[in-house]
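By letter and in written order, the chains are A, B, C and D; residue numbering begins at 1 in each of them.
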Amino acid sequence: MSTGKLTTMKEAVSKYVKDGDEIYLAGFTHMIPFAAGHEIMRQKRKNLTLCRATPDIIYDQMIAAGCCKKLMFSYAGNPGVGSLRCFRRALEKGVPNKIEIDEYSHFGLSGRLFAGATNMHFLPMRTNIGSDLPPQNPNLKTVKDPYTGDEVSVVPPLKPDVAVVHVQRCDSNGNSHIWGIIGEQKDAAFAARKVIISAEEIVEESVIRSDPNRTLIPDFVVHAVVHEPWACHPSYVQGYYDRDNEFYMQWDEITKEHDSTMKYLDEWVFGVENRQQYMKKIQQEKINKLLPKPCMSAPVSYGSV
Amino acid sequence: MSTGKLTTMKEAVSKYVKDGDEIYLAGFTHMIPFAAGHEIMRQKRKNLTLCRATPDIIYDQMIAAGCCKKLMFSYAGNPGVGSLRCFRRALEKGVPNKIEIDEYSHFGLSGRLFAGATNMHFLPMRTNIGSDLPPQNPNLKTVKDPYTGDEVSVVPPLKPDVAVVHVQRCDSNGNSHIWGIIGEQKDAAFAARKVIISAEEIVEESVIRSDPNRTLIPDFVVHAVVHEPWACHPSYVQGYYDRDNEFYMQWDEITKEHDSTMKYLDEWVFGVENRQQYMKKIQQEKINKLLPKPCMSAPVSYGSV
Amino acid sequence: MSECTPSELMVAVAARELKDHDTVLVGVGIPNLAANLAKKLQAPNLVMVYESGAVGSNPTRMPLSIGDPCLVTGAKSVCSMYEQFAYYLQGGRIDVGFLGGAQIDKYGNINSTVIGSYKTPKVRLPGSGGACDIASNVKKIIVITPHEKRRFVEKVDFLTSPGFVDGKEKWKLLKLQGGGPYAVITNLCTMKFDDVTGEMMVASLHPGVTIEKVWENTPWKVNVAAKLEQTPPPTEREISALRALDPSKTYLG
Amino acid sequence: MSECTPSELMVAVAARELKDHDTVLVGVGIPNLAANLAKKLQAPNLVMVYESGAVGSNPTRMPLSIGDPCLVTGAKSVCSMYEQFAYYLQGGRIDVGFLGGAQIDKYGNINSTVIGSYKTPKVRLPGSGGACDIASNVKKIIVITPHEKRRFVEKVDFLTSPGFVDGKEKWKLLKLQGGGPYAVITNLCTMKFDDVTGEMMVASLHPGVTIEKVWENTPWKVNVAAKLEQTPPPTEREISALRALDPSKTYLG
């Protein structure tokens, strides 16, 4: 197998993520790239604009670690649990530092990324009209529909400096198969200037070529490929491991104070070298509980004469 | 297996396609729904607006049969061969009747359908600027980009009365798996008011549910489901049968005159009752040549705990 | 009437609003239970669509978030996030959307963004998520909320998701494709909206509840429909079907 | 120099314009051969993208149309038609696009729509297809065409796909993201475009061709580059690799 763009997360972050960058760690609940987030924290990146519809725990951690200057988001909650306390502490009290926000609805932010991925001038959408958000966000404008004369809400394209996208399987050049909740993974990869892929499995190119409609990200938009099993824990990877819902609930407790949060980060992020060490700290029993039984897709034929 | 929305092509066309309708028989070279087109011709529908990026042989036939009032298209050629002679005869000489045209580029027309499927007010796109087409087509307008001030080309949504989409496999309610060149199949189904699905295979719902990311069309947008193997000949269905390139080349000869065209239609369209009879007229030897060897996708697991 | 908790009552009443073949945008928790209850009873062909892109899910356990993997295993279809909002919601294909929030006002406007001012928040809430998009595009918005004075306000601190905004006349000028707020279901009553003004009004009192009790728990003297109804009590069948859906009482406690 | 047909010469010369790792939007026939030849020689990592949505195809036979099933079997990726145009072409991710047409003028504008007037066509041609979209968005447009007087015109009857339109200064005002026409490769010469005016000029004469012969076959006296080059003749290696790609001489006849 060719080694292609294969590298370590340490190398990939060191090479492609710079202080002050606008970054998008993709994922809608599914396949949130925790391993990349932790490595960015270990490399002490500062003044980042963190973008994602659902910041999730990983951005809460990065805010607590002081990496964040601005949060671009549409739902800053702990999905299924409640608040993101580090986000609120930064916004309401400036701990560890004040952060700015750039806020949208889900449709608005996923629309910005889609418009960025497809390089549109702007994207008209049926939302925001009547809401109090547009007066707070100068990126939300209106345009007159030349066919009906109606005022239509529009958003500008989003083109982050870096996207990190976790995938189930890819080849060593980054041709990636993704399934389950595919969220904004494809759009993030096409919108960003630099793309880091982390993958549960690196497979032969022939596996990818056996099902080209499953390839949401083609290699030539990818800059680095990291083989990083369990990269998403406590988030999940469909067919590989489930979401660690217990941890999502514990996070609410862990983050009650900034000190307790930092204690967690010292142990689980700064106290380990990489994802492998992180996983070694988790009890096998807990890991076993997250392993699903296989549930295989019915294959299809791509044959031609 | 539930019979769901299963019906015959005869019933489906009779119920859902009306004189004067704007119809979209979907497909970009792949899975062109010839069976539906032939049935529409047999039922002598008139004054139709025929829409598709690539009209292909089927629309050429429908124009010759006198079904067409207007052609909406972006490339009126016989792919890989040359002209569509019936289209040209109607446009240049009014045989068998004058037709109007509504013309776009591929991006423009596929954009209209995407905008219709997603119910956008209008869609901005990077094309048409500098071309002589906008002065000829009042649907092509420009809007000022509120972020840069640039003039941007826009197209309005397209929402046909009826779409016919052929798929490789679906369940009896119309949940459809499509692979290979997926063209504008999904957009046609979501944009149209009424949707007829024809399928190579009707499968159990469990087959569809084994791979939900492959389901481009969900049942609740579908009105009728027709089990119609070989519905697309001489076009092709990836994994089932190849394109009959010989016929595509013969079409050029067949259509040299209107009379020779009508002779073909009398035999192969009006002279048969349905697709089964059409297929019986084709030599088994020829059919065998179109059958590909299987080339199966590597399965994936959708398991969860 | 079966003995039931306030949550059970709200879910049972909300489930009745769903018709067979309706498409519903479902959130986790209470709305998920209402949709699943309706599917078990009068709406076997209910189409459940999730913000995460899953359509026609068939979960074998209670999903813990709208992005739960069990909503994907065995679903009919899954698409991307932009596609879900564009094809389904903006596409005008969703009949009913359930919303909640920290505050709701008399025009059905919902605040899930901030208590206090946007620039200097007293309490920063999660924000819109898909709520503004849902409110703008579904045919019927249904809100399920406990009837508490801090939740019902005359004017929301921040309008996250439009109800009838400043009233139905002005709302029409905005030309949203959605039908606007349809019902607010609390533990005390079901409220609907005046066809002309777009103002909230009590349409049906739940078993044992008086209009005075509603007024006591609402900061303004909410209007009453011309024909005030009595909510039929949840049946044994409703309650037992409902409890089977949440045996561990995660949401029905 | 190897003995070769005019088509072989054009393909060999066109293939040289492709660099390793370029992304190329490929049509069937001649452009497909040029791309595949480049891939076999100097550009093993050439990325071939087709209008039909196929990316990184690996066909085991000559595709007969851009929608041929052999372009899908074993491809790296396949997406929908709108996605192909939006993510790849509008996305600015295509380096080179090959175009052809019935007429091309001195600013590289191409007509593939109509001979005569649009409303009363003398000859109705197939229309743009993706050509206008390709011309507007790729970094380099390369045209491969036989050098015939009826194809080269001072002004196209209908501007289907923009070259430099009325000249480079005015073209800049249109703010197309593409780089405009880059080369026109005929059986006689390679023409490029003046940096300042955007006018076509002869850049390189193919083996055995004089500038007079080019002028004889062009209806206007086409400009000549300050430094007129001689096209290096096709090598044995180029020709033998090329013939292996089309053994039945479908396109190289």
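The working rule: a contact is a pair of C-beta atoms (placed from the backbone, for glycine too) under 8 Å apart; a residue touches a chain by one contact, two chains touch by 3 or more.
None of the values given here were measured: they were computed from a predicted structure.
Chains that count as touching both chain A and chain C, per the definition above, are B.
Separation between the centroids of chain A and chain D, computed from CA atoms only, is 40 Å.
Once the centre of each chain is set as its mean CA position, chain C and chain D turn out to be 57 Å apart.
Distance between chain centres (mean CA atoms), chain B to chain D: 29 Å.
Of all residues in chain A, those that touch two or more other chains are 119-120, 125-126, 150, 179-180, 182, 210, 213, 238, 242, 292, 295, 302-305. Residue numbers of chain C whose C-beta contacts span two or more other chains: 54, 68-69, 72-74, 78-79, 86, 90, 177. If each chain is drawn as a node and touching chains are joined, the picture fits none of the line, ring, star or complete shapes. Shown are all chain pairs that touch, namely A-B, A-C, A-D, B-C, B-D. Against chain A, the residues of chain B that register as touching in their complex are 119-126, 141-148, 150, 152, 154, 156, 168, 177, 179-180, 182, 207, 210-211, 213-214, 238-240, 242, 289-305.
Listed in rising order, the residues of chain B touching chain D in the complex are 28-30, 53-54, 73-77, 79-80, 83-84, 87-88, 91-92, 103-108, 110-111, 113-114, 125-133, 136, 150, 179-187, 236, 238, 242-243, 245, 292, 295.
Interface of chain A with chain D (complex): residues 117-120, 175, 190, 205, 208-210, 212-213, 215-221, 302-305. Only residues 28, 51-54, 64-69, 72-74, 78-82, 85-86, 89-90, 113, 118, 121, 124, 126-133, 136-137, 158-162, 165, 171, 174-177 of chain D touch chain B when the two sit together in their complex. Within the complex formed with chain B, the chain C residues making contact are 21, 23, 47, 54-56, 58, 68-70, 72-79, 86-87, 90-93, 177.
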